[in-house]
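Each in structure tokens, the structures are laid out below.
In the two complexes below, subunit A is the common chain; its partner is subunit B in one and subunit C in the other.
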Partner chain A sequence: MVEERTIEKTEEKVVEIPKWRRVFDDYRAMSDEILRPDEPKKEKFLEAMKKSLSKQNWPFLLPYKLTLEACTKCGTCAEACSTYIGSGRKKIYSPVYRSDMLRKIYKKHFTLTGKLFGSLVGAKDPTEEDINALAEAVYRCTVCRRCALACPFGLDNGLITREARKIFADIGIVPDELKENGVENQLKYGSAPKVPYEAFMDILEFIKEDIEEEKGIEVEIPVDKKGAKYLIMNNAGDYLAFTETVQGIVEIMNYLGEDWTLNSPRTGVNDVVNYGLFYSDEDLVRVMKAHVETAKKLDVEYLVVGECGHAYDALAHFAKDLIPPEERPFKVISWMELLDQFIREKRLKLDKEKNPEPVTFHDSCKWGRTGGIYEEPRRILQAACKDFREMYPNREWNYCCGGGSGFAIMTKDDFLKFRMETYGKVKVEQLKQTGAKIVATICSNCKGQFRELINYYKLDMRFSGVSELVANALVYED
Partner chain B sequence: MAGELAWFIANILPYITLAVMTLALVYNFVKWLVIPRPVVWALFPAKHNTVDILIGIVKKIFVLPGPRKVDISVWILAMLFHIGLIISLSFHAKYILLPSLGPVEYYLGAAAGIAAAIGTIGFFIRRIDMAKTKVDSTFADYFALILLMATLTIGAYLRIGGIMDHEHMWLWVRGILTLSPVDPPTHPIFLVHITLAQIYMMYLPFKTLIHPIAILFGQKVVLDERHIYPR
Partner chain C sequence: MPDLEVKGKKLRLDEDGFLQDWEEWDEEVAEALAKDTRFSPQPIELTEEHWKIIKYLRDYFIKYGVAPPVRMLVKQCKKEVKPDCNLQYIYKLFPQGPAKDACRIAGLPKPTGCV
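What follows is the complex of A and B.
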């Protein structure tokens, strides 16, 4: 059901862009088919919310309830959030405003004071429109959790966003990019973009040819090799769009002569993403278990998470709380830790002059703030690039690129504009200040967002994975 | 009648206040304690032993690094308010033990009171401003601040006006503490002051005192990177 249509004229033809009824702000993240804005859903919502507040939700219950109950509304978190700042400080984008949309319902239906004193203590019975608005509002936050770092009490509005997304997912409201065309495809076909075995092998063949042509060396790309020491699992985006990264990994592993392998969709899942992390604990665990099964099938010693931030969060952190160790008989390590180790062991001869342009590094939220991988990529870039420059703020205080929590692949309606005009604005200022010509990052979602940002703001720079910069700096002894 | 009311406000209400406060505070603490341990979703750099986590929490409490980094106005107001409050309360406590104030204490006490007042008024104005730009505060949020401002203002008036007979006040406080109440001072403004103060104290655990408890749990969650299964 399309309520409103705008006609935009381009040079060649008239293009019709569907615009759905606005329920929260000037954008829509989800289509009408998904959001079903005219269908009553309050009762189902409250039911799902009740479940989210029960012991069943033990993994997040404490920080969830704490944030709902203990927020003093001091507003500190707002000044940490780049959606809010980038939007020109619009109230509706402040972290505490968004959480308060859920908090009002919480107070009304799940607390005694709310039932007794109502709006005096901030309780409100939601209308159907309030529920629609909340469903969209939780897709205006990238769950970057910079606000949680800033909150004096450690309260976590990012976590509230995720909890609310979980409630909506429970009643069937999830962006199709994440669920139907994300998790479900990945579990069925081995990768979210449904890359068949043959196409996957073709991609690797292209990669091999490219390296051999460019560098005049021969490389092997082991696939589905059982018992290998390292299984490097990449984000499907790196196979399809940011191939240079996989190319870099292949070149480095060949240079080292390491015992390693990539895996094809035939072994289970070969796309390291886990979109479940963005909206549902059940789907998070389903995908995590599929990754674990794949690594077990290949009987590898290490599952190496390639350049994908949220996958690291899932496999290196959540797996350690949600899957007992005997069910995952391999170690999880990030490609950055491994590459850093190779460089520190002086096994890679690198010539910085081969990367003469100024390079800056973007700490992806999932690698940095929630992953703790700060120094490895810096050491690597300093070893491989002549002019490495910090971006400010950096490390735990870095701003999200705006592609987090699934946004990098969400472009419905004019959602891309939202991405560009809020977080994007803040990020672009930060990038410009570095004077760098290359922004290096180790997350496929960030790369997707940088691609759009550079295009949208016509920036005189390019983005790159870290692997290709290292591969580019490799010195081959004759 | 008036005498009975004064007796109730000055010699019975304090025990009720104390009971309500204690029970509510214990409840507020235990409530969080019994929620199952969550999964680790720490913010790095995080810590992996209890001592480091405790040091981390203490730093967060005394340095308030978040507000200092992103919103200095919250940091300044919180520092003024809490330091003012701590000094002021400790002088109250000392006064109960030794009912005299030296000149240094006198001026320091006054400065602390002013700092706390600036903090309180600042937070009040901030809330009004935030309703336009960040989030709506509830009546309950404003009520906490209004009660506090009223209590502080009347307290300051009592002191500046030299209204109270300190000897008498001291005997009354001693009486309550030793469970042998004596006739309280009956100046009506004094009675209003202690009534408000006690309402505020009973209200505290339900509103204002949630945050000093929450900070322990909230910061622990984001500082702790010890997984259920370490491997």
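What follows is the complex of A and C.
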């Protein structure tokens, strides 16, 4: 007897999602829900722009206006920009083009000559479409500020991107990855990925067990320890996606027997990121204050910024301008400076043979060009790795990985492709030329971008934080 | 917002193809999510290896409210699926990676923050 079998065949309907309307180029960083391309917003935009040009914007007003007024359109910045180069020199991606989109509006509405002479002096009254295009255009620049270094007049097109993002944030246009699912999550739950207390403790338990299994070393992980000398606050990504980094930090601090602590979401904020830095002064300060409150609550001597570039920028630089010293009774230091100090004090015995593969270092824009942290990670890597190689160009002239200013977590529509095929393309060439097997970097944004680049271009290498390479080289005396 | 039809029922997805309501998930939903080429360049054929990872992600999420760290996932995969599992192997199973493909098919909300 033949058994009858019915094979159910489900109708497979391929439903294409209509792509969001193109407003600037072939990509969209923001959904229709956020950008609202059909909603008139010119009036609100101009109102917000007026505010951005007022004294309320005191920390940035001078370089902002100077950059709007003094540009001679020489185009030097374009050749410094890796989006422009990587895209095959598409004009729309050059810094000067992007800034000019805002500059035309500035001239038309905020200068006398522009009001009188219009297009003769480069002024233009924006259409709704111009506003939509600008909103997307400011999310094609990672604010790496390499162009600012190249400008013969010292003008800062990166700052213009950020000022324009601020104007849009004021009228409710910000990628949800940064605002709604970033800053708001962080302030409500302690971290942008919303890691609950129990999960956080489980991750630490995992780290402890993993070190014990791999190294045969028992470690202690202090959490929420009041009065500790060092509070090391990490990027939540270093717990979830790049756990090896926190693992490295734990191992190093145990080796040293230092008085230190990590902090759980119960103490306030335990994710060192500050996405507000990318788009809004108000949100920058909200997050900064939450960091300060957390460190105060724990009564620590140092708030140590882990492997997170923009967090260092926010806490080491912006906080000094925006929060009075008496309101932040602790010192801010980066984990790189601290680790470098420990190594220079010869407190860590390291065996380079344990890291025999060629290692190169990627200078993150926020650590390097903005933060000036160049030599610390190099000294550390040279102490821990047998074959350290520079990538060229490097230090202040290094190219952005393409994940900066929040891009590493933005993947809507074809945005990943944009990241891979503009900035990413330039970065990959640079990486290949080093012949390195490991690219070390100290920023979660960069790590996330490298993860995708390595996968997209099938590179025969891996990425790593600096901390895990150091931990790997530790020599334990019996 | 896009939706996904499974057994005549319309499920709401977010813009990146993640289920809006993680409780609506079952194995047939997972199959449909894996085949949804709107959010993945090619359909993913779910094998036993995929299922072990999907179930692990899901159990962890239900217990802790967040997806496990990637390293934890790789370690679990070493125990249950492949002793020499690494991140590349996870990408082999889930071409867009642990978040964009594995979590999505497991019906977890889209991971947020620097992950």
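Going forward, the second predicted complex is superposed on the first by the 460 of 478 C-alpha atoms of A that agree within 3 Å, B and C clash if a C-alpha of one lies under 4 Å from a C-alpha of the other, contacts with A are read in each partner's own complex, and residues count from 1 in each chain.
As a working rule, a residue touches a chain if its C-beta (ideal position, glycine included) is under 8 Å from a C-beta of that chain, and two chains touch if they have at least 3 such contacts.
As the structure is a prediction and not an experimental result, all values here were calculated from the model.
Placing subunit B and subunit C on a common subunit A by superposition gives a fit, with no clash between them. By the touch criterion stated above, A:N445 is placed in contact with subunit C alone, subunit B being left untouched. When the shared chain is aligned, subunit C comes close enough to touch A:A192, but subunit B does not.
In the superposed three-chain model, the partner touching more residues of subunit A is B, compared with the other of subunit B and subunit C.
In the superposed model, A:R145 lies in contact with subunit B only, and not with subunit C. Residue contacts after overlaying the shared chain place A:T243 against subunit C, while subunit B stays out of touching range.
After overlaying the two complexes on the shared chain, residue contacts for A:G257 are found with neither subunit B nor subunit C. Shared-chain residue A:G216: touches no atom of subunit B or subunit C. Once chain A of one complex is fitted onto chain A of the other, the partner contacts of A:G372 are limited to subunit B, with no touch recorded for subunit C. For the pair subunit B and subunit C, the minimum alpha-carbon spacing after aligning on chain A is 24 Å.
Subunit A uses no single residue to touch subunit B in one structure and subunit C in the other. Chain contact summary for the complex, subunit A toward subunit B: residues 55, 58-63, 65-67, 69-70, 72-76, 78-80, 89, 91, 94, 96-97, 100, 113, 117, 119-122, 145, 148-156, 159, 317-318, 320-325, 331, 368-372, 374, 396-397. Against subunit A, the residues of subunit B that register as touching in their complex are 32, 35-46, 60, 64, 66-67, 69-71, 74, 78, 126-127, 130, 132-141, 206, 210-211, 213-215, 217-223, 225, 227-231. If you check the complex, the residues on subunit A that touch subunit C are 12-17, 31, 33, 177, 181-182, 185-186, 191-196, 198-199, 202-203, 206, 210, 235-237, 239-244, 247, 271, 273, 308, 408-409, 411-412, 444-445, 448, 451-452, 455. Within the complex formed with subunit A, the subunit C residues making contact are 2, 5, 15-16, 35, 37-38, 64-67, 69-72, 75, 87, 91, 97, 100, 110-115.
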